[in-house]
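Each chain carries a letter (A, B, C, D, E and F) given by its place in the written order, and its residues are counted from 1.
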Amino acid sequence: MRILIVNPNTTASMTATIARAASAVAAGPTEILAATSSMGPASIEGYYDEALAVPGLLAEIAHGERNGADAAVIACFDDTGLDAARALATIPAIGICEAALVTAAFIAQRFTVVTTMERSRIPLEGLVQRYGMHGKAKVRAADIPVLSLEDPTSGAASKLRSEIARALSEDRSEAIVLGCAGMADLVSELSHEFGVPVIDGVAAAVKQAEALVALGLSTSKRGAYAYPLAKPYIGALASFAPAVLAL
Amino acid sequence: MRILIVNPNTTASMTATIARAASAVAAGPTEILAATSSMGPASIEGYYDEALAVPGLLAEIAHGERNGADAAVIACFDDTGLDAARALATIPAIGICEAALVTAAFIAQRFTVVTTMERSRIPLEGLVQRYGMHGKAKVRAADIPVLSLEDPTSGAASKLRSEIARALSEDRSEAIVLGCAGMADLVSELSHEFGVPVIDGVAAAVKQAEALVALGLSTSKRGAYAYPLAKPYIGALASFAPAVLAL
Amino acid sequence: MRILIVNPNTTASMTATIARAASAVAAGPTEILAATSSMGPASIEGYYDEALAVPGLLAEIAHGERNGADAAVIACFDDTGLDAARALATIPAIGICEAALVTAAFIAQRFTVVTTMERSRIPLEGLVQRYGMHGKAKVRAADIPVLSLEDPTSGAASKLRSEIARALSEDRSEAIVLGCAGMADLVSELSHEFGVPVIDGVAAAVKQAEALVALGLSTSKRGAYAYPLAKPYIGALASFAPAVLAL
Amino acid sequence: MRILIVNPNTTASMTATIARAASAVAAGPTEILAATSSMGPASIEGYYDEALAVPGLLAEIAHGERNGADAAVIACFDDTGLDAARALATIPAIGICEAALVTAAFIAQRFTVVTTMERSRIPLEGLVQRYGMHGKAKVRAADIPVLSLEDPTSGAASKLRSEIARALSEDRSEAIVLGCAGMADLVSELSHEFGVPVIDGVAAAVKQAEALVALGLSTSKRGAYAYPLAKPYIGALASFAPAVLAL
Amino acid sequence: MRILIVNPNTTASMTATIARAASAVAAGPTEILAATSSMGPASIEGYYDEALAVPGLLAEIAHGERNGADAAVIACFDDTGLDAARALATIPAIGICEAALVTAAFIAQRFTVVTTMERSRIPLEGLVQRYGMHGKAKVRAADIPVLSLEDPTSGAASKLRSEIARALSEDRSEAIVLGCAGMADLVSELSHEFGVPVIDGVAAAVKQAEALVALGLSTSKRGAYAYPLAKPYIGALASFAPAVLAL
Amino acid sequence: MRILIVNPNTTASMTATIARAASAVAAGPTEILAATSSMGPASIEGYYDEALAVPGLLAEIAHGERNGADAAVIACFDDTGLDAARALATIPAIGICEAALVTAAFIAQRFTVVTTMERSRIPLEGLVQRYGMHGKAKVRAADIPVLSLEDPTSGAASKLRSEIARALSEDRSEAIVLGCAGMADLVSELSHEFGVPVIDGVAAAVKQAEALVALGLSTSKRGAYAYPLAKPYIGALASFAPAVLAL
């Protein structure tokens, strides 16, 4: 089984972190294929970056599917481009936010997502609502830029810890969801430190991808996720015309 | 007052229809600036087209704002790229779906959105939920391709009429919302024919844009719609780096 | 275009404030017709006052419509008598709460309504729910009697400022909605002071009224807003019998 | 114990029907005081009639409370003026819609309210939402004028039966709620005929009123139902000034 | 009229408290039959105890119904086994949580349930949601073991008072619901002390039971509450086979 | 990894079907331990059977955990006793309904659960609501007794097919969820026949169990799922006292 993990931002060092987290939980026979988007922003912080990251993400998914991937994981907690990816691909596509929330709900009734920046808080509240988790999950921002997670001297981990502590005392949360793919390598240490389950979306999504493949399930093409219709695409994105991209 | 209306698909004849509908309702002193996206799909039918239409849309909005537009209308009923546009622009950005639903709710308690293709029905149900209208609005699809609305021999108008009739009898709707920018020139005729208010999103959005400008209001930059952060963008979309785009 | 604005309380000085706010944003060709109710309470503070203000409000709307008004605005933030007014009138009727919330949602994802008295907080939460804004809007009361807004020595404006400050810090709101028609003349000054969009319902409703008239839309008479049936009315309100009132 | 039942329309024959239904279920020591409103419409069919019925209703409640009533029931299924009545009165005020829905929910998970006219359907759907019953209750209209229920030759009862039959087959309802006070005397016969529980709001409200009185509970005056503030009231409703009405 | 009240825990002293509260509000002709479960936990604190209390509860209800009870009250605030009881019994079954919430909603728009232990808070939030009260009711835990309510030296009543005080100031609640059957004898004293309505579920449920019996209503057997089907039951619970239990 | 699958009814032949479905999707190193409850009903059809199945289920889970199971699956679509199991066990506990709904939501936006009997429809609608899926999932009953699924001559499979066909045409569903553990062996054949994804909860739950174990996650013991408190249990269920059961 081959699982493609696309980092939809263009920072390769973050892809490495993500790939490590994915490989650590993958089943023996699973091969992790990590890809960094080759077009778009260096990090995804808010709606604008998110929108511009989608074409590069879709290109990686189309490329990965042609090369034999059995499922695709989108490794940004905004579930960037998830619906477009599901329409495009034949293989199942999993967002790390959806995977993390679903996983948390199997082991806790109330939990908090701790994300990076305030500007990402409301988009994530939108996802919490979309996935039917608004009665269970709160969202908090630790006020740390995404790429500061790559820099051990930035103080980001310390701010993250403070926000987790607040979630446990003020929200009375039973578990913590890490709200950024760049936090993936902190999961074990935070879990031991706080004594509650801590969920990383990258790892959670790998297991959901393995599950769907093992169950022989893929995106339904009846309804909202029908394949894109062949039609003219022009300009810098002409190569994304459905008929072309599938080549 | 100058109101920019962006057709986020690349079909100029549809832009002409949209511009006509906009001009017909604009106040005397309002100048309508209609723009056709120069990159992306010829029509927007489903999530994939929608995602790929966003960069071209954003480019038009940035360009229009630099050239003095006071507000921007996104003339696709999926409210394509609305959040990214609001983050990017200083001027207010209005989606025609939100404008149409809000307008309908001032004059009816129950109404039906009639859109083009089944694959757009569920995305629109998502917008209905987002705008808090799920207790008031239903969504139906007339099973007509978007561009068939441009072709009087396609039978599209007839299918649209049949679906409106079903909405009135089966949903007991009090008003009809036309769920595609390409239907804008049918509004008056359908309204007379069916004897209920019929709302076109393009016209509705022009009036909302005029309202916001007259009230001196624009998108709050405190929170989810803060300006995009300056950061590296690479590849085909490098010119969309926030620092560059604003030039 | 003539827009009737009815102050449903009987305090003429508040009508003057309202009329000023309305005229300040009205388009050039729009004529503002401000009317003070001639029966009922001097201010509307809670459910009881609200109920007793409705007959006087309806009389003004019927009178205004007979005299050529193209739309009616109800200038109390409780949207007093809105449903009855829509059933009675042929012209569209707009409540300032609905108009303000809708306007705020075009420019912010999270906002706070700051109203006068605690006893009005829960009725306004009911309206927030009715208009589908409960995921976006909070309601706060500044603990100031309505008519104290007319008296510069009352300290009301200062209490209002304090509550706005709390909304921004505690609710992390992106915009403020003024929750009383009597606050209409503070909008510009508060907006500059706090650096976020501040929305006044009177001004917002004038623009919605202009929009509906320009779009040729009025209340659907199919369903809940069908015209009242002719029937006997007796006692002090006999003159409100539908057949009589329309004379 | 004395329970006041106010018929907020001005048709005394309907008050007689209501009083009979109330007396039939009242406990031994309970005295039923039935009052007909002396101002307003002959029947309540839609928002307009409802609004105009409120002053007369409030006058009866104030009068009844002064004369020793221990609780008040508002005998119109729109729960006409309920919030204003709760603010005004010291004794508890019960609407027959709320009482009927609550009663139905104790004995069934899914039920249908069958009301009179289509124009009342959406107002009742609003109440269903307000009382938190939207996951359990549907609303149907039998298309019968309220006062036709008084006339055995009108065919109203037959239309009501047809609509109940549709509710049982199409909604798979487990119980029926009669959505008009004027249907109160049909409850026993319909229950036997259809073999499911049939709930009449008048009877249900009498029992809720007895319950609240026996429990020593009355409307909380902390918050939304605080007593109306003393203030000037002018015009035809001047006698409703809180300070005056309490005399 | 005979009303069975089952204490689903096995602590007879708590049954005595419950019976006293029930008798205090029962109508003259009502006979209160209090039963203590003879199998299961000594107190119900959380999901596990709740599940194990159900068989003993059902046995008492079956026994009570055979002996002529007209209605059954389940005297644990978790509404333990309510759905199973409704399916089993012909007589109506009332949970004290549902009865208390419904009663509170007749006299207040916002109220707080104060329960015993934190582990019961989330199950009660689930009930609040089930009964459609999530817009009106908050749940707080006073951090007191259930049986400590039986011991005047435990400090439980003092902790309960502190939590009520917090509910009034922080939640701005208009009424308090006591969230444990074991608090039933504190209702009058707390009501006087805090000056707001205080609702005890046991008393509230007795009145709802009387109401349903007086109205001639019982659980609908059409749908989810159809009688259990005859089928083999084995092991320690074999005597609960529907065919057997009814003997 | 050892995954315990408990059939909470006492019919061993159904356990065999379940075990087969589980083994078919289990990863190589996973050992499936299938257990049949030794007390309670032969099938679970409605609330009463469900409640009586819980003690036997809990005993199997306690026994399985002592014997080294790493996770437990509850193989009844009512998610029978799920909350009590999570409180009792240290290992994660997964219900097949939650697992199936979550799995379906990764590949479809609208889907239908097809269950056995009408009396199970409403309990499943309750679960759909609990898991936040009410905007996505409908529930239908094929009107087939659970154990008829074991009998190829019963016509059950044919009725199931008819109901699936109705779901696809009337609900416009994109995927089907089989709403009974006893349908597990039909999944592949139905999927091919109808050309849409068909999800079996048993298989889905096995993969979720594997995922949680691989991620090192188990039920949070902070909050609603804290371990049951040691306390006296009496009667036929005395052996379920938390202190005893853990032995």
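In this section, contacts are C-beta pairs under 8 Å (C-beta built on N, C-alpha and C of every residue); 3 or more make two chains touch, one makes a residue touch a chain.
The chain lineup, named per UniProt: A, B, C, D, E, F = Allantoin racemase.
This one's a predicted model, so the numbers in the text were calculated from it and none came from an experiment.
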Joint neighbours of chain C and chain A, given as chain labels: B, E
Touching both chain B and chain F (chains): A, D
Kindly point out which of B-F, A-C or A-B repeats the C-D interface, defined as over half of the contact pairs being the same residue numbers. A-B
Taking each chain's centre as the mean of its C-alpha atoms, give the chain farthest from chain B. E
Here the gap between chain B and chain E, centre to centre from mean Cα coordinates and rounded to Å, is 53
Cα-centroid distance, chain A relative to chain E, in whole angstrom: 44
Listing for chain E: what residues touch at least two other chains? 86, 109-110, 118, 122, 135, 172, 223-225
A full list of chain pairs that touch reads A-B, A-C, A-E, A-F, B-C, B-D, B-F, C-D, C-E, D-E, D-F, E-F
Touching chain D in the complex: which residues of chain C? 10, 37-43, 45-52, 54-56, 58, 81, 83-84, 86-88, 118-119, 121-123, 126, 130, 145, 223-226, 228-229, 231-238, 240-242
State the interface residues of chain C toward chain E in the complex, per the touch definition above. 118, 122, 129
The residues of chain F that touch chain A in their complex are 25, 27-29, 86, 92, 94, 98, 102-103, 105-111, 131-136, 168, 172-175, 188, 191, 195-197, 199, 203-204, 207-208, 210-212, 214-220, 222-225
In the complex with chain F, residue positions of chain D that touch it: 109-110, 135, 172
